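Following this message is one structure expressed as structure tokens.
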Amino acid sequence: MSAIELSGVTKNFGRTEIIRGVDLSVRVGERHAMIGPNGAGKSTLFNLISGRLRPTAGAIRLRGEEITGLRPYEINRRGLSRSFQVTNIFPRLSVWENVRCAVLWSMGYKYSFWHNIDSLADVSERTELILRQINLLDRRHFPAGVLTYAEQRALEIGITVGGGAEFILLDEPTAGMSRAEAEHAVALIRKLSEGRTLLIIEHDMSVVFNLADRISVLVYGKIIASDEPAKIKSSRAVQEAYLGTAA
Amino acid sequence: MSEGAQTASMGRSASGILATALRYAAWVVLAALVLTLPKMFTSSFAFTLLSLMGISIIFALSYNMLLGQTGMLSFGHAVYYGLGGFIVVHAMNTITKNSLPIPLPLMPLVGGVAGLFFGIVFGSVSTRRGGTAFAMISLGLGELVASSALILRSFFGGEEGITTNRTKLLRIFDWSFGPQTQVYYLIAIWCFICVLAMYALTRTPLGRMCNAVRDNFERAEFVGYNPQFVRFLAFSLSGFFAGIAGGLAAINFEIVNSSYVGAEQSGTVLLAAYIGGVGFFSGPIIGAILVTWLQVMLSDITEVWQLYFGLLFVGMVMFAPFGISGLLMMHAPLWHARVLWRLVPAYLLALAAGLVMLTGVSLLIEMAHHLSTKTSEGPMMSFMHVPFSVHSFLPWLVAAVLVIGGYFFFRLTWPHVEGAWHTALMKAREHGSAA
Amino acid sequence: DDTIKIAYVDPLSGGMASIGEVGLKTFQYLADELNAKGGALGKKFEIVGYDNKLNAQETLVQVQKAIDSGIRIITQGNGSAFAHAINEFVAKYNERNPGKEVIFFNYAAVDPALTNEKCSFWHFRWDANSDQKMEALTNYMKDRKNIKKVYLINQDYSFGQAVRSAAVAMIKAKRPDIEIVGDEMHPLAKITDFSPYIAKIKASGADSVITGNWGQDFSLLLKAAADAGLQTDWYTYYAGGTGGPTAMKQAGLNHRVFAIGEGFANVGYGPADEFEKAFRAKYKADGAGGSNLSLFYPRAVNEMRMLQAAIVKAKSIEPGKIGAALEGMKVTVFDGGEGYMRADDHQFIQPIYIVSFGERSAKEPFDEEGTGWGWRTAGKIEAANTVLPTTCKMNRPAS
Amino acid sequence: MYLGWAALLELVLVSTLNGVLYGMLLFLMASGLTLIFSMMGVLNFAHASFYMLGAFFGFQISQFTGFWPGLVLAPLLAGVIGALIERYGLRNVHRHGHVAELLFTFGLAFVIEEVVQIIWGKLPLDYRIPPSLDFSAFTIFSTNYPAYKMFMLLFAIGIFVALLLVLTRTRIGLIIQASLTHPHMVGMLGHNVQRIFMLVFGLGCALAAVAGVIAGPALVTQSNMAALLGPILFVVVVIGGLGSLSGAFVASLLIGLLQTFAVAVNLSTADAFGWFGIHTNPLPFLSDIWFVTVAQIGPIMPYLLLVLILIFRPTGLMGTRDT
Amino acid sequence: MLEVEDLHAYYGKSHILQGVNLRVGKGEIVSILGRNGVGRSTTLKAIMGDVPPQGSIAFKGKAIAGMRPYEIAHRGLGYVPEDRQIFPTLTVGQNLLLGVKGGQRNSRWGFKETYELFPVLHERADTIAGVLSGGEHQMLTICRTLMGDPDLIMIDEPTEGLAPQMVERIAVLLQSIAERNISILLVEQKLTIAMKISHRLYVMGHGRMVFEGSPADLRANEAVRREWLEV
């Protein structure tokens, strides 16, 4: 049974059809990359899966269980967590609080107003762990808003994985990072996604090819190929539609 | 914002324990203060004033649960305060009528429940929206309730309202609650409990998620929370505390009327919270104390108190946008680094200059006021016990000199303040890195 | 100390400040007048203004403040709501603080309840209550045969309600033939455009309108009427209120608007005219549009003079004694004629005048708000014909 | 009371006319707020104060030169004051968000009211309609309609058209809206954001003042006229939809008609049930609800409308962006 | 065209630019390379007047240091920020329209040229810009600045988040812009295209320039590359 399964998913905005019948199946535990030209609909697809948008037609399943049209938080509680292409954090909260907020629900504290948040050892430990992994521990007291762009991208990932979700969607996590940072981020992502299912959008081919177990290519709202990296690299269609001469 | 982080990270460390100890100490001191305060004042009016302050502290804090914590700007918070008050009065009257064995001190709780109830009812519709939409809905609801208060006489008692008698309830250790002193202690204790409760609330998962929702509504949805529900909870809870405040007010005045739910009441609490500083828990407390004092006393000092009131607010938002507590907190690091004293001379200079200018300004205002509205009393007036004639040229000259002189004097002193501030901050930084 | 302090608790800021200040000036003038005559028991009168900001809680806070500063006589008038609040407060306070009693003089709050079911020994009212005024008004109207269709329009709050119900009842009783063609209640101080109401009045074919409206509700109502060219007589309570004359002049309703009260300029009673002259001379340019301030509260004059008399009579400034002395006290009222403080409900009984507003003849020296127009007496109802029964069960303090 | 057909027709016609007139008066007052609140997003609680300033300036000027010069000069004066306030006050407050702005204008309202009282006193002024317009334009069913009201109507429409042109012909609207999200970027694209804000705020104040000058003589010119105006203007703007001038126009009409007809209809729940033969009050407590008439609640209907609209259609009637 | 000498800039107390010198000639493509956080973006912001600059900045021979950003823009300096700053509530068309400066005529760039360049923008002309794809955001910002018809355009990481073949197109675009003899000051992360299209290169490190020369020079200069670019 596949972890995330899309069948015949379409999405229109007004007249313009953006997603045109996507069938996609992400296997449990694999690292799955999604590539495709700008405006192909990758982020939109993420928005559909994560419940930010409702599909016009088609069904989306998580572990075989239908999640089409659920609210984002309901989907998140079913174990799917996503990051955003445009950094999306809690700017006025400290770095620490940012991650802690991501941890709280999954630890079962929900809307509690009878626990003292600072005496929740488990929460603090997990938060600290995450911060160490994205190595922002020394910046934890700073309001997230004043971090540099690269740091904010790292925090974005931290918030995404904070809840310990087993399905993780990352939308261009390394965008705007330098080589070095990108490589560090990839290492981090590899570590964090151990034993989880990862679906990642990237334009940086080096990242894609050294991270992904399988790759799907989305072009104008259709998946034109979905296969092992090697096959994708060699596929003509993909060459023309996407990689161009650069790769 | 990051105290939570500090305490958590410092966890079991000695300094952590010290900090916690200090925090509790602070509460104990506060409690002691609350109970001994009346002893310091002789005039019985002090009790009235302190009681009012206690009430508005609760109210302002409950308001800040919305504005400061959850980022919801409400123009109708008095609704929950007022309805709490009305329910309490009705309750008291029924209790008296049927002589039920329920003592007065429990009544605020009734108000709280009422506030909670209406918080849930109105919250369920209004918290669906945020930002300006929410603000405008709250404004609409406020107006609706306020107007209904004049229409639905059987419940609201028209514009003269409904009266009650607090002494007629079951007595415990024969406290009649007739004298203001006893009412003060009732309010003080409730105030203390509520402040404690609301403070605790800010350090719970819900409290933290309120901040998160305030900062980034959408992202909260993607970490598993239903932000609308978070807002709703915050709203209902703040309704609860507002209701308690309203109940206490009803007990204090023994009368409730439409003005309890009115826009004026809602506006005042917004002012109090903001002036005190919505960014800090202590802010609304300070604001409530200040604004209550101004409202009650300013009209004795000058007839044009509204002018000063207005000028104060304009000044505050322009020069202290983070409120009084914001100003104080700026100095916290210096205080910890024990370098605050370095600022004192510069501050005194600036203060002197500022006072000169302000004196000039208020002299101008008072003279203009006298000239315009007191023609019948003749030209003689007195300012700070100095009698003079507004028709003579000298006082105007003096005022002008004070204003302009004060202004330039201030301009001169300001660089010193900044300089002192920076050196102190540098010192504080070193101290910080050393520690 | 050697002053008799009186706390004047009324709006001195905000929307109604204009009215509150007129009252304050009046009382201060009266205090000076009495002091010039030596005060009472060798003590001077002093008026201390307290701003109740037109808010019930604030009213109580200010009263408390006054009491705490040693004041034991409180006077208030604007708004029956606040009068009720003070009345309740004072009653409770006196009960809880025996020996520290305070007394409440009400110079303008006209809700009948204050001297009926809500009456208290510590409350005295110098204004005729709204029922009495209606009694007088209807006594005057019943002889005016040209009145056939009456329209009632009032503010939707207790005072308006009182006016309305009294009017309905009394007209039915005294002139069954008069048809009440409309009975409108409109929200208090919320209407900016009265033309819809005027349209209805027109449609109803009324020849007279009775209204208790005051402030802008009065001015705007009249302006709208004039705009629409409505031709009716207006029987009002507060046409004389600040802004009223200005509005009537602007609306050009020459002697079509009638007002009722215990006294007006141009009543033609010597002493009153003297007083009026002096008063206006003192407060020249303090009135609307830089006009002279005219005496709007003859009742205040009665109140202060009777206070002085009562203190002298009681030989004490103890509120309890003053109250006792006031009960049943008979005096010649400001505009001439007999008046007395009825003991069983503390309602002052006095002659009442119906006046119309418009161009002046030689016999009418005084104008209002610099409009050039002034009051003309249309009728006088003797004190006896303003008496109404009371339901008050006064419980007097022991001793 | 029972009405014949003719009377009914009369009532409907007259009420419609009254409604439109009142609506236009509302729009006149709200037009400035649409610029400041609905375009710039500044919760300007001092709007009514500038309306009042307009009336008083107009009155003062009319004392020397008559009504018409006042109609021009008073708004100019108020506009300049507004612009200065933006330049030296509001601008610094702006970056601290809406609440700060709101409090600033809130305090400003206090200050303006007191200053007005110091200068002109607290009593109403005798601000007269210009003689040239002091006649009745026409008469329907023996109800006169004064020329001044017609003038008011035309003027309101004129302002509406003028504003519409300014906002559609120029990019001012766009620049302001863009500045709400990225002021610096707008600057770096070559637009002087600060100046535009200053001008727009000034213009908004000037429009408020125009309303004051025109409404002053028709209503009561007194130092409390600002307070009496109340939050109704915000209601108009929000119901119309933020960022939409036409919306404000429609909303004004809507509310004008709504209130006028509410008065005209004047039914109570009791009457309504009466038709169905129910004459006993089903809810003995709150008996008031039973006897409340539509006319009584007319003035609060706009707020009801506001709440409903915001819940079910947060963009308002014709709004472009979410409130 | 643009001469910058001894440029300093601060964020609060932290000294970010410590004496930057650079010049851009007419129709020239000049790139600034460097690691993250060395202050490349800040350099552009300082030139644009978005962060207060200290030092001398001359554009077309006139000193522009200390001018307000809109004045600088009116002098013909265009800026494409790294965080795009499109106006999310406005439509694509309106975003472009705002690029046009007041009182500007016979521009080299109008809607027509822009839409030819990126047809997708034409398709989305009436879409709210906030919902555009990352790539489309990038196209939009570049075009918006071009609409202002600048003589020198400063672009901060234009290829960030672009698909490979889109990167190609940007490179081509930049060259075609330069051919219309509009100068370009480019801040790039991706060495490849910078090397390909630049006439001259600067390498920046710790708030000042550490290398200036042609792509060839840089290719030759192993040391600089290792110390300042790679890790």
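Going in written order, the chains are labelled A, B, C, D and E, and every chain counts its residues from 1.
Quick note on the criterion: a residue touches a chain if its C-beta (ideal position, glycine included) is under 8 Å from a C-beta of that chain, and two chains touch if they have at least 3 such contacts.
Everything numeric here is computed off the predicted structure, so don't read it as measured data.
Path length between subunit A and subunit C in the chain contact graph, taken as the least number of steps between touching chains: 2.
Note on connectivity: the fewest chain-to-chain touch steps from subunit B to subunit D number 1. Distance from subunit B peaks, on a Cα-centroid basis, for E.
Here the spacing of subunit A and subunit B, counted between their Cα centres, is 44 Å.
Look at where the CA atoms of subunit B average out and do the same for subunit C: the two points lie 38 Å apart. Subunit A and subunit D have Cα centroids separated by 49 Å. In terms of their C-alpha centroids, the spacing between subunit C and subunit E amounts to 77 Å.
Looking at subunit C, residues 14, 21, 156, 187, 190 sit in touch with two or more other chains.
Under the contact rule defined at the top, the touching pairs of chains are A-B, A-E, B-C, B-D, C-D, D-E. For subunit B in complex with subunit A, the touching residues are 1-2, 4-9, 11, 200-201, 203-209, 211-212, 214-216, 218-226, 229-230, 233, 237.
Here subunit D touches subunit C in the complex through residues 1, 3, 7, 10-11, 14-15, 18-19, 21-22, 25, 117, 121-126, 128, 136, 139, 141-146, 149, 218-220, 222-224, 227-230, 259-260, 263-264, 266, 293, 295-296, 298-300, going by the rule given at the top. Within the complex formed with subunit B, the residues of subunit D that make contact are 41, 43, 89, 92-93, 96, 98-104, 106-115, 117-119, 121-122, 231, 234-235, 238, 242, 285-289, 292, 296-297, 299-300, 303-304, 306-307, 310-311, 314, 322-323.
Across the interface of their complex, subunit B is touched by residues 12-14, 21, 25, 50-51, 53, 55-58, 60-61, 64-65, 68-69, 79-81, 84-85, 88-89, 92, 96, 111, 156-158, 187-188, 190, 282-286, 293 of subunit C.
Those residues of subunit B lying in contact with subunit D across their complex are 67, 73, 75, 125-126, 128-129, 131-133, 135-137, 139-141, 143-144, 147-148, 151-155, 263, 267, 270-271, 274, 278, 304, 306-307, 309-318, 321, 365, 368-369, 372-373.
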